[in-house]
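What follows is a set of structures to go through.
Here chain A shows up in two complexes: once beside chain B, once beside chain C.
Now for the complex of A and B:
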């Protein structure tokens, strides 16, 4: 089994390399043809033409494009994304500071989406053929049709402003110190034993994660329901009933294990989209993740950051899909033993 | 006292306010330690009875009258929770499709453990011991290894034995076996039947044995109940029913399946199909009247009641005395084929790589070993053997789905061994294959007309109307109504699908047809129709056929010569009659012995083929 998974991992990683190259090339080219001049931007507004020209040479902007790309790529391969034009700090460091926050948000949102989706799918299946199913079904479509940023605003109004339940800006309230070990706030506060900080961080995460997760749950719910309906047509379910197993045991012990497989593939795809969705949510909640970094960079045409963030999104999505495929392999014995 | 007793049991489908009877007025008594056979074509209601016992009826169906008593308590009105507790413990089921009856994502051990915990006969900590003991009881080798396997890693026969081990584990009082051997090889069938008989003997278990094989039922059952369109046609001691059927339907079923007796006889072709639920509702008179060879005007006036015929036997026919007069048509003699050779294999072998190894030659498994045979013009040659014997691989080699590792294949004098592109076109033109499963072989999104004329499409010939004309002609030839051309496969019955499958293969006017298990899983009546169709087509247009089958009686009926395969080798070959009358290889003898004899009084001397059967790969 491990050999099969290792084989899959090796193959997927190999395939990922050309994808990454292609994406990096696209990112690089598109940003280079934009009518902006990074050299002029990195100098004070009163700089002379000569000064700008000197800067252009210094930054390597006068070289042919393929050569510029090659230089950039070799730096990236060494983990160096260059220096931010606006913030004048290492882009790699900026990514390192913001990526963990975004991952925390995305993972929690995905957990919420999965929990809601699986619970909802089971409920829909349980209610099959009743009027409540129709109601729930229509409800889920309504959930689906509301985009995540509207959810974000709506939740802020409801729980943040009206009920004043939960905080809705940033990651921590004033007065809390941010421990910094791995960069993951929840993890760091736990391992350093700062439970108050941990709890405060969780409270800050709930609204954005929920806003992001909730609109991803209806598809999970519906796919799970329909694959459960399929699985219940199978012989082994009938045979399990003939063996006198209880309905609950059949659902949890037999049907769900099979029905979860197509659901899992869907969740893998969704996680990719969801990760992209963090961008809007981060802005709405002033959440200091990669999304906000990206938006600021776009506003300031900070090319090194835009490139780095774009590439990081791409890597994360690839890693997620590889992980999901491995999980699928672990759960499906038919694929594993060949 | 009877353990299981049905009294005027009726089951119906309720739809749109009206009820369609699925089972009408069924009564029987089953004592402990006895086997009751339920026999009939698919749709007769056999499996519905199994489902009624468990009260797991398909949606819309319900019991509309009568009782079904288990140990004196009515299963129909029993509290669901109480009934559920009986299932798996006091009442056990063996299913028809062993492979799909086990959960594909759980290991055998997990499923065994769950079942043993459910029936509560062992302490949880000792489930392993118990499971292994049960495996040993059903003669499953390598029990300990089996626990970590998933169902798809086992053969059908092994899965069936796992399910039987589960069924036996609780020492049930009633066992319901729904066609438990249909999907399995003959020698395994014999062993499974033996296991069921052993349990009946040791535990005094009562058995409901559902089968479409009247001959098998006659051998192992005490009582037989023949069902037709949901109604009992005949009920009585198994040997009487088989030796002297009183109801024309029993007689026709018996004559529709090819015999293994000394005299080769023709097949009785039951016309049409059994009426469906819709038709039954509007029928007056005998439900069998439309297909009955003995029908008289009076049969259609009112439904004939079950009346005593002799001894303990009852039949629902107004003139049972005429039944014995139903005779099969004379058998078409096997052709003495002397024509030219159309297909020849010499020393054909096929090795499959089982494991690649570094620096050494890969480990291989020889699926076909130096096969030599010829197929002549207009000759039907049967290939028999169990699953894993290499017969299907040989077929795949012949049609070019695999290339031989060694040896030579010649088609119409041309060497096609290498399977190059030019040869492929040649092969496609002269040789066609018909697969076992028409369901998956027919594209569900194409109309029948498109499917049967695929060969024309591939050759780039014919306009739409030309193709439709050709499709109509082909359908007419295979005995389907021309308007079938515009239907989709899902609108056809199993037998009709297989006909369409055959029509598709014949469209290109091939000289050779390769048929892989094309009648297995079909009702004997449909099987008889198809076998006759093949013989008729040969007479009308002429073609040769390699007919792969595990059913010896079918091969005997249809084929002029037979090849017996065992572990990849052709161990015996010759004219069918000679091989079957005087088998020279021990394996052929074991195969023949595992078929229930024609004569119900003859003892069924199955040697359970222990050492000769293929070693199933664990």
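Now for the complex of A and C:
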């Protein structure tokens, strides 16, 4: 069993490499057609034309485009994304500082989306054929119509401004020290035993994670409901009923196990979208992740950061889809015997 | 669309609700100059952050209050519908045309063409849509045409992926083989035999895509990457109101509701069409 999974995994990873190459090429091309001059931007405004020209040569901007791409790519392959034009620090370090925060937010949000999605899907299915189902179903379309950044603002209004219940800026309140071991704040504060810091960080994460999670839960609900409806057509459900099992036992113990598989592959796709959605949530909650790094870089046309962050988002999305595929394979025995 | 099918989809409550909501938004957009009580860009610095007319301190001249520059919120909302709907209509049609053509080519011909188009879609899907549209906006620069272009370039894959599998199913049907045996050209087979069968799915996706386009435009104008400040945009209103969230929460609620209602209209319409026109399509993706 592990051999087949390993083989399929290896194939998925091999397919990802050309995709990443093309993505990086696309990123490089889009950003190189911009009418901005990175050389002039990295020099003080009183630099002479000759100085700018010298800098252009130094930065390799006079080389043909394919050659520039090749140089950039070989540096990226060595983990070097260059130096930020605006912040004058290593882009790799900037990403190292912000990526863990974004991953923490995305994972928590995905957990919330899955919990809400599965609970909602079961409820929708349980109420099938009743009037409340129609109400809930239209309700789930309404949920679907409020994008994550509006949820974020709405929750700030509700819990941050009116009820003054939860904090909504940054990751920690003033006065808390940020432990730095892995970069993952929740993990670090637990390892170092700073439970007050941990609790403060959790409070800061609740609103952004919930805003993101709730906006990605309706598709999960709807797919789970429809795959449960499909599964209930199967003979083994009738057979379970003939054996005298309770409806609850049939639903949770038998039907859900089979219906969860299509839901799982949707959740993989959703996780990818959700990871992109962190960008807006981070801006709204002034959360120090990659999204804020990216938007600041866009405002300052800081090309090395834009390229690096764009590529990092793609790598994470590909990794997520490979992980979900292998999970799918582990859970679904039908796919293994090919 | 045959006449016999008309009453069936018009009978759906969801389709009706969706159409009514959208009719309302379209009316606002079309007749904005007649409906708006004030010029949406006119600043009134002695009347900033006014509450709605019914609240204490409200001014009946500004039914929904004013923003931080003293601009009329209601007028901005009404004019904002113009940008939202322009982008929604043109961008989703553009995305539909590219996506549908590629889907029919890939699904009908199969083989290496299908492989190639499938790989291009894979590359696109490895970008989170928000990130890709932001990067495209950096490359293209701001402006309505570029917002539309960015949405078309990002979202054509939504149509392509879903339609392609439908085209494959339809292509295998006997009547398509019969059409080929009768000597129909590829062009005629696709346009006369296959496209009509995929049309219901196409219309459903189009409606959902319009909702997505409204959201994307709001996102881009929220981060200041959409249109200039002189064109009222809901996303820009949200971004402005965010600065004064304590003093004027209603400023934030109004554009949020406007975006929500419009997108809800498109989504309910799409869902209603999906149920009545194509019972097989499963809701497999967000929006």
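Definition applied: the second predicted complex is superposed on the first by the 337 of 338 C-alpha atoms of A that agree within 3 Å, B and C clash if a C-alpha of one lies under 4 Å from a C-alpha of the other, contacts with A are read in each partner's own complex, and residues count from 1 in each chain.
Everything that follows uses one rule, which is that a residue touches a chain if its C-beta (ideal position, glycine included) is under 8 Å from a C-beta of that chain, and two chains touch if they have at least 3 such contacts.
A quick note: this is a predicted structure, and the numbers were derived from the prediction, not measured.
Undergrad: Counting residues of chain A touched by each partner, does chain B or chain C come out ahead?
TA: The partner making contact with more of chain A's residues is C.
Undergrad: For A:150 in the superposed arrangement: first (chain B), second (chain C), both or neither?
TA: Only chain C; A:150 stays clear of chain B.
Undergrad: By the touch definition at the top of the document, which applies to A:55: first (chain B), second (chain C), both, or neither?
TA: neither
Undergrad: Classify the contacts of A:313 with the two partner chains as first (chain B alone), second (chain C alone), both, or neither.
TA: second
Undergrad: For A:333 in the superposed arrangement: first (chain B), second (chain C), both or neither?
TA: first
Undergrad: Taking the stated contact definition, name every residue in chain A that is touched by chain B in one complex and by chain C in the other, in rising order.
TA: none
Undergrad: In their shared complex, at which residues does chain A touch chain C?
TA: The touching residues are 19-20, 22-23, 26-27, 30-31, 33-34, 138, 141-142, 144-147, 149-150, 153-154, 156-157, 161-162, 216, 218-219, 222-223, 226, 266, 269-270, 272-273, 275-277, 279-280, 283-284, 294-295, 298-299, 301, 306, 309-310, 313-314, 317-318, 321.
Undergrad: Taking the touch rule as given, give the residues of chain C at its contact with chain A in the complex, in rising order.
TA: Going by the criterion above, the answer is residues 14, 119, 122-123, 125-131, 134-136, 138-139, 211, 215, 218-219, 222-225, 238, 242, 245-246, 249, 252-253, 256, 259-260, 263-264, 267-268, 271, 282-287.
Undergrad: Going by the contact rule at the top, pick out the chain B residues touching chain A in the complex.
TA: 54, 56, 84-89, 92-93, 95, 97, 100-107, 114-115, 118, 150, 152-153, 163, 166
Undergrad: Flag every residue of chain A that touches chain B in the complex, lowest number first.
TA: Spelled out, the residues of chain A in touch with chain B are 234-236, 238-246, 249, 253-254, 257-258, 261, 331-334, 337.
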